[in-house]
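Shared between the two complexes below is chain A, which pairs with chain B and chain C, respectively.
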Partner chain A sequence: MDVLVLGAKAALAVMLLVAGGAKLADLTGFAAVVRLFIPLRGLAPAYKYLATTVAVAEVILGGASLSFPAVEWINLVVLAAGCAFAAVSVLGFARHRGKSCRCFGALSRRTFDVPGIVRSALIAAFAGVATVGVSGSAVRLGAAAQILLLAAAVLVLAVSFTAAKALATVPQARSR
Partner chain B sequence: MTIPLYLAIAQWILLLALGLLVFIMYRQLGHFFGGPTSTAEFGPAVGTGAASFEYTRVSDDTRRHFAAGDGQAALVAFVDPTCPACEALVSNLNTAADGGELDDLRVLLLTWDPPAYIQISDTFRATRLEIGRPVSHAAKDDYNVSATPLLVAIDMQGVVRAAGAVRHLNDLRAFVSKASSPARRSPAPIAIVATPNPGE
Partner chain C sequence: MISAVAFIAVAIVLCAAAVMAIFGITNVAMSGPKAIENDGLHRGLAAPAWSLPDSSGRILASPSAKPFQLMVFTDHSLKSFPSVVDGLKILASQTTDLEIIVLLAQDNAAAVGVLRLLGLGDLPVVTGTPALYGRYNVRVTPFVIFVDSAGRVRASSLVNHEWQIMKLWRLANIPLSPDPVSRARRFPGGRQPAGVV
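And then the complex of A and B:
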């Protein structure tokens, strides 16, 4: 059981880092998605700040979750984020079906659709599993291990940013 | 010495994620080294007549008509404010326009995205080039816009001289040169006359 819980926790942390890094590489695209959900006139310049805030929050949450596995309240924040993703997915499907969600920036061209809802529900379920308590020795890390994981988090962030930037240079397929 | 279970699991997941991202970047290299900038995968065929279309000018919401071959060479860019490669193209067009390189051309940026998206993109918001929204999807079919950005160079006679994705300023200059160069007359078609077989 510990393997499943810790696997879910680490996978979600890495997913948050990849998603945050990819969003930072395509802030204009993600800002357009934010606008879908908060369509206020005169707010145009603020959409990029909102998009940046969401992306940075994902990165911080992913990095903290990966490097500090013993801190239990972080699991609850990740669960709340997972539930928020699921809610956005359902709302997006209801109101903006077929539009790109840019959840992973240019790394993914997925749209608001039924499989997207299933995926976000799975993420929320994984986040729920990650809140289950595990033995203390399994998550007790020394300072060196935490620094190592933090460095790995920065590496994942940098690589996902670069990959998303590189993908963004390719012409994007259009659909009606 | 034993390592905590979490560290053992996390390192494998990190390795998997990094491997996947490196694969994505490796695949991406193919796009950079695999083919020419101007691609035949999308865009109108070179040498054919460019289609005319109606569009709404975003700056003043007026309906306009684009007629290819009205005596002025043109660059028509199909771009979306939410596409980073499109922002790069518009940025290059802005640079060329500021340098006076587009003075003899009509330059039109076309997007199907809502006008609010233009306000989100710094590059689109800052451009002085004309931005329009086609009134129908006919232009998408006529110009074979299956992906953005797509730049189409049209000469004074309304003939498509180049079409494709443009990544660099030098590629853009090549498009400008093709649109501006005098039209080449196509060779006279060879007449094939069928003669009856003497034996028949």
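And then the complex of A and C:
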């Protein structure tokens, strides 16, 4: 059971790192999605900053969750983020069905659809499991282990950023 | 203690799995058949026009004054495709309606030397830019694009063999038909033959 809970926690952390890294590689694309949800004319210049904030927050949250598993309040923040993803998924399906969510930047072409809602609900459920499963003291890590996990997080972040940046250059369809 | 070790192990395994999955996704998306299909320009589109000097200083342009122009997007790696070289030689020797131009993405003395060694030294070589490759939507080489004298794309594709060049040349000779009725007549079932792009 413990391994399952720890697996859920680690999986969410890695997912946040991949999603954040990929979003950072395509901030313009993600800013367009932010604009879908906050369609205010006065905010136009701020969309890219908002997109950057979300992406950086995901990266920090993923890195912290992976490197500092004993800090229990991080689990609550991850749970809040998971619930926010689910809410965005439902709202996106209701208002912008079929449009790309850019959740993983150019790494994924998924759209706001029913499977997307199911996936985000699963993410929220995983985050819920991670908050109640194992006590923080049971996963207290030494400095060496934290540095190792931080290095792994940086590697995942770098790979997702580079891959998403490269994929953003691939034409999706020939210009007509 | 056991939980901490388990967490480290699971986290490292998941990080490795994520990295491998990203590599896999990127590989398929960038070099898979679907990605390659999207390269080049659609038949009938206006090809980007340009005017550039070749290696001897002669100004070449696209579209050409000849009925057809074949742009060969390549570099020194063409030596790995002897069958493509054969196809270019056949076209150059058998067709007078066609101007063949080798278009490099950047200044590449090695490519000019290789072309000479391959027996393609007579072909004009134009040094373009990566941006020009981008306008033609070309990422991987050797890539060929047939353009007519009106500057319309007749055929474009990645090529690895002589027969592909010959097939594209035959398809390039098929008149353009902008209306869907005649298009449907030429390609029953709504599907173009492989190679028509």
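One rule holds in what follows: the second predicted complex is superposed on the first by the 167 of 176 C-alpha atoms of A that agree within 3 Å, B and C clash if a C-alpha of one lies under 4 Å from a C-alpha of the other, contacts with A are read in each partner's own complex, and residues count from 1 in each chain.
Definition applied: contacts are C-beta pairs under 8 Å (C-beta built on N, C-alpha and C of every residue); 3 or more make two chains touch, one makes a residue touch a chain.
Every value quoted in this text rests on a predicted model; they were computed, and no experiment measured them.
Peer 1: Given the alignment on chain A, is it a clash or a fit between chain B and chain C?
Peer 2: After superposition on chain A, chain B vs chain C: clash.
Peer 1: For A:K48, is the partner it touches chain B (first), chain C (second), both, or none of the two (neither)?
Peer 2: Once the two structures are laid over each other on A, A:K48 reaches chain B alone.
Peer 1: Touching A:A168 in the superposition: chain B (first), chain C (second), both, neither?
Peer 2: Only chain B is touched by A:A168; chain C is not.
Peer 1: Does chain B (first) or chain C (second) touch A:A152, or do both, or does neither?
Peer 2: both
Peer 1: Does the superposition put A:R140 against chain B (first), chain C (second), both, or neither?
Peer 2: The answer is both, since A:R140 touches chain B and chain C.
Peer 1: Which holds for A:A32: it touches chain B only (first), chain C only (second), both, or neither?
Peer 2: A:A32: touches chain B, not chain C.
Peer 1: Looking only at chain A, is it chain B or chain C that touches more of its residues?
Peer 2: The larger set of chain A residues in touch belongs to B.
Peer 1: Regarding the shared-chain residue A:K23, is it in contact with chain B (first), chain C (second), both, or neither?
Peer 2: So A:K23 meets neither chain B nor chain C here.
Peer 1: Looking at 93-101, 111-119 or 147-155, which bit of chain C clashes with chain B?
Peer 2: Comparing the options 93-101, 111-119 or 147-155, the clashing one for chain C against chain B is 147-155.
Peer 1: Per the definitions at the top, what is the overlap between the chain A residues touching chain B and those touching chain C?
Peer 2: 2-3, 6-7, 9-11, 13-14, 18, 66, 69, 107, 134, 138-141, 145, 149, 152, 155-156, 159-160, 163, 166-167, 170-174, 176
Peer 1: Note which residues of chain B are touching chain A in the complex, please.
Peer 2: Residues in contact with chain A: 3-7, 9-11, 13-14, 17-18, 21-22, 24-25, 28, 31, 42, 80-88, 112-113, 116-117, 119-122, 125, 137, 140, 145-150, 165, 167.
Peer 1: In the complex of these two chains, what residues of chain A are touching chain C?
Peer 2: By the definition above, chain A touches chain C via 2-3, 6-7, 9-11, 13-14, 17-18, 66, 69, 107, 134, 138-141, 145, 148-149, 152-153, 155-156, 159-160, 163, 166-167, 170-176.
Peer 1: Quick one: in the complex, what on chain C touches chain A?
Peer 2: 2-4, 6-8, 10-12, 14-15, 18-19, 22-23, 25-26, 29-30, 35, 38-42, 45, 137, 139, 197
Peer 1: Which part of chain A faces chain B closely enough to touch in the complex?
Peer 2: Within the complex, chain A touches chain B at residues 2-3, 6-7, 9-11, 13-14, 18, 25-26, 28-29, 31-32, 35, 39, 44-45, 47-48, 66, 69, 106-107, 134, 137-141, 145, 149, 152, 155-156, 159-160, 162-163, 165-174, 176.
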